[in-house]
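Shared chain: chain A. Partners: chain B in the first complex, chain C in the second.
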Partner chain A sequence: MSAARAFRFDYDRALSTTAAWALALVWFAPLIYAVWTAFHPTEFSTRFVLTAPLTLENFAAAWNAAPFARYFLNTVLLVTSILIGQFVLCTLAAFAFARFEFRGRDTVFVLVLLQLLVMPDILIVENYRTMRFLGLVDTILAIGLPYMASGFGIFLLRQTFKTIPKELDDAARVEGAGFFTILMKVYVPLAKPTYLAYGLVSVSHHWNNFLWPLIITNSVETRPVTVGLSVFASTDQGIDWAVITAATLMTSGPLLIAFLLFQRQFVQSFMRAGIK
Partner chain B sequence: MHFTKKLGIGAVAAAMSLSLAGTAQAVDLQFFFPVAVGGKAADTIEALTSEYAAANPDVKIDAVYAGSYQNTVTKALTAARGGQPPQLSVILSVDMFTLIEEEAIVAFDDLIKTDEDKAWLKAFYPAFMENSQTGGKTYGIPFQRSTPVMYWNKEAFKKAGLDPNTPPATWKELVEFGKKLTVKDASGNVTQWGVRIPSSGFPYWLFQGLTTENDVILANSDGNKTNFADPKVIEALQYLVDLSAKHKVMAPGIIEWGATPKAFFEGESAIMWTSTGNLTNVRDNAPFEFGVAMLPANKRRGAPTGGGNFYIFKDSTDAQKAASLDFIKWITAPKQAAKWSIATGYVAPRADAWETAEMKAYVADFPPALVARNQLEYAVAELSTYQNQRITSIFNDGLEAAITGKSSPEEAMNDAQQKADKILKDYR
Partner chain C sequence: MGPTAKRTWIHAWLFLSPAMILLIAFTHYPAAVTLFHSFFSTPRGKREAKFVGLENYETLIADSTFWTVLVNNLWYALATIPLSIGIAIAMALWVDSKLKGRSFVRMAYFTPTVLPLIAVANIWMFFYTPGFGLIDQIRGAFGFAQQNWLGDPESALNAVIVVAIWKEAGFFMIFYLAALQTIPTSLREAAAIEGAGRWYFFRRVTFPLLMPTTLFVSVNAIINSFRLVDHIFIMTEGGPDNASSLLLFYIYETAFRFWDTAYASTLTVVLLLILFTVAIGQFLLLDKRVHYR
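This part shows the complex of A and B:
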């Protein structure tokens, strides 16, 4: 009987392991293909010969096709400035929504939530007008500004702040702490997993954003990597998969490496923050 | 104006714009260009604009790479609606009606004054001008224009016992040759298809080759009426469907556009239809001798044109418009047009460009470059209407439904016509 139970246990486990592997493979297949193609000469893009010669030429070709060094710098500046802006604005707004009573609070909060329902692409023209009014067209700030007051970030942090026991808040107040001290010493530290998870979502989203940066910027000094990557999407001429996969690996590389390094923290904070 | 332009060097930029304002009558032009043919073309555009700037120190041109054709029109229209359009841009010729409807562009007739300019306007190939004019006015100047042609693998022709120097000239021959060229292995799997007419993304373009050959025009020149349900259109679609369903000379289902040249190089298909924009690519990469021919004829020869035109935007000063016109005149002049054509494979849009020494040398060295130009005689305007994006996507959906066998060609086309009528009736 114990043997039977052990067998059933194994069966169950085998099933989930297989499923996990299958899903992982499906997710991983494009990446494997990209790695294969990027490191081999073009002739081997669709032919899998184990002895095919390895090469780094595709990366060299991709790197030289656009000023990627500058684009990387721009992207890093962009995602960092957005992240800082989002953390500051969303924290303050979420704190107000979570812990203060004021007239019209729920109405305002509903308005913030409505932002989640609007596709950002619809607002492109309006955003462009605003940026032009501010004289910011063709700046890195203009790419990030529309995203800084993020409805999603406010919602997420508000929910997290609400779960923090009021007693901690009260205890701090008894000790004589002001609102800002309470926020910084009590709420923010306890919401760290949420910040981490939200930060990851934000960074990967803005790292990959393409249309708005393309529209609002004109010069090499302001454009992010995704715009550089689009040089290769030349359907008129036939696609050179070797170079395009090399460029894709190159541009998504930093994110992939960061994810692998901090994998454990990310997964844990996702579990805690409830973003799945 | 842009006081924070380029983070970190705001002060420098401000100082520069002050000093620029000091020089008398300097004209700033912003020029959006799409690149549909990879990085090399972008370099050529930048080389040409800086050459122009060197010869005209009072004009400053900021050439802005704007992504694909779709991205470029989005970017230009967003900027125009946002009140800060570029002065000029290269945008698909089929987007003309959209740009007119948005009141974003001006007609060239309003800018042109001298007889010399009028003569310049007349020297473009009429086939290219069809997509650039409506209501008696010219809105676009042909620049990066193309047309589909047929490429064939001479070695595969030899192996199939066909004359390697005679491509199929009619629909019937395309099927006959295709049958000989379709090769199966011992287990009955096809290792080489006879024909490849890609149908992903924008199937309407190559399909328009077939409709033109069947002597029918898909849309009127006012851009407000389509002709999708015409029996001749349905017949052309039936032919396309039959190539794979009945004659089995073409792979079934939707055929990928971007992977087509590669399939041709690897011998997966002996004949392919694709843009002349691929000419340089095929020349560099085909590991066998190949030929280039006009699309085969049925009732007549025919093909659509394609590619991008220059447009001048409304919301700029008169000095900027005049400078834009001058730049366009310069870049489409024979010498520059020849340079552009040789670098990219696009068809030089004027007869006199083909008379330059550079072009003659190029054609003598590589005669296939002439095929596209000669085909212009039979070419018609690419499908273009008001609400162009919506109409072409309706038409594309119809074509895909027929190609994948979801509906019969007749049903698919009648359905597409009905939907198009619903949208276009407001423009009649």
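This part shows the complex of A and C:
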């Protein structure tokens, strides 16, 4: 009896392991395929023979065909400026929501949460009009500005700040510290894991963002890599698969490598950001 | 307001105002002004925008492209949401169990989340290429005829849906993974003692306990199905004949290719209405069915 049960259990487990692995391979297939195509000459793009020679030429061709260095610089500038903006603005706002009792607080907080529903991503028509009015069209600042006051960031930090015991800042108050000092000396250091989690989520989100940057930029000096890649892949139709795939891998490369290296932190960060 | 309350109020707003100014400028103000502009005509050249009442909405109702795109988007949402959630739950259960090679499997599931949608669209496009693409090669090995997945109005939208599911399932898995870890192991032990099978345990214990997560993920999935259109740009451009176009893509085309901003505003109002309906639905559901007893 017990032997039969043990056998059945193993059978179950083997089945679910196989299914899990099959799904993993399907999920990984596009990436494996991209790596294969990018590192082999074009004639092997659709022929999978193990003896195919390896090459870096596709990467060189892609790199020389479009100003990717500049695109990368733009993306790095964009992602950093958004991150700094978000950290500063969301920290200040979250502190106000977590520690001050003031009239209308709940109403204002609902207004903040509204942004989780209506993201700037869909308000492209009016935000473009605003940017034109501000004279910011085709600047990196214009790509990042709508995202800096992030409802998600404020919410996440407020939840963290609320878990910090009030006695800590009462003690600091007794010693004569002002609100800003308390925020910087007590709250921010204690919320470090949240900042890391939020930072990773934010960087990967904005590295990958496409629609708004496509609309608001129109020159090499401002385009992030995602937009650069789409321009590259659509204008040069004579370019072959291998080169486009190399460009594709290149644009996702830094993020992908960071993810593979810090896989655990990434997953935990997204988890932490998700639970709140 | 007493003097202390007033001081607190001033302090609070000193901290709040930088974020609130930007938030209002790029979320609340544009949302409100979108509605306003939908009652005006598009300014062209020397002709200024003038009040036209409901004219844009009449155009909308008569616009067959709008209806195609709306139906597409609803189908896109209806197909992506349950499928990606179902796959996400399976993924989470697997990754949470004592699986061989668990860290590789988890990585494989999660990778699409960190890749730019616009970049992976390129790779998927090659999968779908008639004849040479991977899918047709595999089908060819079994003797099927080649098919133009992205060029055929019958299959274009579904081809795009597959990419969306692939992109999102791993992301949703994370939320389920987090939720699974809060389920006490004593429940599983108790069920084992009672002789409950694994499927029974999932159906009667795990799944109900995951309900709040499912609601949260569903709302996210709905929002995403109206927000994520990047892959359309690379894979189909909404074609053939709008067969794979989605609402936000149509808004983009209307505003930035045809420069009809008033009509784009009208379309955006529809999108906002859909999102508000979702929010109200979530609010009503939240207290009722989600929480297990």
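General observations
The rule is simple: the second predicted complex is superposed on the first by the 221 of 276 C-alpha atoms of A that agree within 3 Å, B and C clash if a C-alpha of one lies under 4 Å from a C-alpha of the other, contacts with A are read in each partner's own complex, and residues count from 1 in each chain.
The criterion applied here is as follows: contacts are C-beta pairs under 8 Å (C-beta built on N, C-alpha and C of every residue); 3 or more make two chains touch, one makes a residue touch a chain.
This is a predicted model, so every value here is computed, not measured.
Once the two complexes are overlaid on the shared chain, A:65 sits against chain B while remaining clear of chain C. Applying the stated contact rule after C-alpha superposition, one finds that A:175 touches neither chain B nor chain C.
Residue by residue along chain A, chain B and chain C are tallied for touches, and C comes out ahead. In the superposed model, A:119 lies in contact with chain C only, and not with chain B. Once chain A of one complex is fitted onto chain A of the other, the partner contacts of A:140 are limited to chain B, with no touch recorded for chain C. By the touch criterion defined above, A:103 lies against chain C but remains apart from chain B after alignment on the C-alpha atoms of chain A.
Residue contacts after overlaying the shared chain place A:30 against chain C, while chain B stays out of touching range.
In the superposed model, A:230 makes contact with both chain B and chain C. Overlap of the chain B and chain C contact sets on chain A: residues 45-46, 124-125, 128-129, 211, 214-215, 230, 233-234, 241. Considering their complex, residues 12, 16-17, 19-21, 23-25, 27-31, 33-34, 37, 45-46, 88-90, 92-93, 95-97, 100-103, 105, 108, 111-112, 114-115, 117-130, 145-146, 148-149, 151, 154, 179, 204, 207-208, 210-211, 214-215, 225-226, 229-230, 233-234, 241, 244-245, 248-249, 251-252, 255-256, 259-260, 263, 266-267, 270-271, 274-275 of chain A touch chain C. If you check the complex, the residues on chain C that touch chain A are 1, 5, 8-9, 11-13, 15-16, 18-31, 33-34, 37, 87, 90-91, 94-95, 97, 99-101, 103-120, 122-124, 126-127, 132-134, 137, 166, 169-171, 174-175, 177-178, 198, 223, 226-227, 229-230, 233-234, 248, 251-252, 255-256, 261, 264-265, 268, 271-272, 275-276, 278-279. Within the complex formed with chain A, the chain B residues making contact are 1-7, 30, 35-39, 42, 62, 64-68, 71, 74-75, 78-79, 81-84, 146, 201, 257-262, 266, 274-275, 277-278, 280-281. Chain A makes touch with chain B in their complex at residues 45-46, 65-66, 77, 124-125, 128-129, 131-132, 135-141, 211, 214-215, 218-219, 221-222, 227, 230-239, 241.
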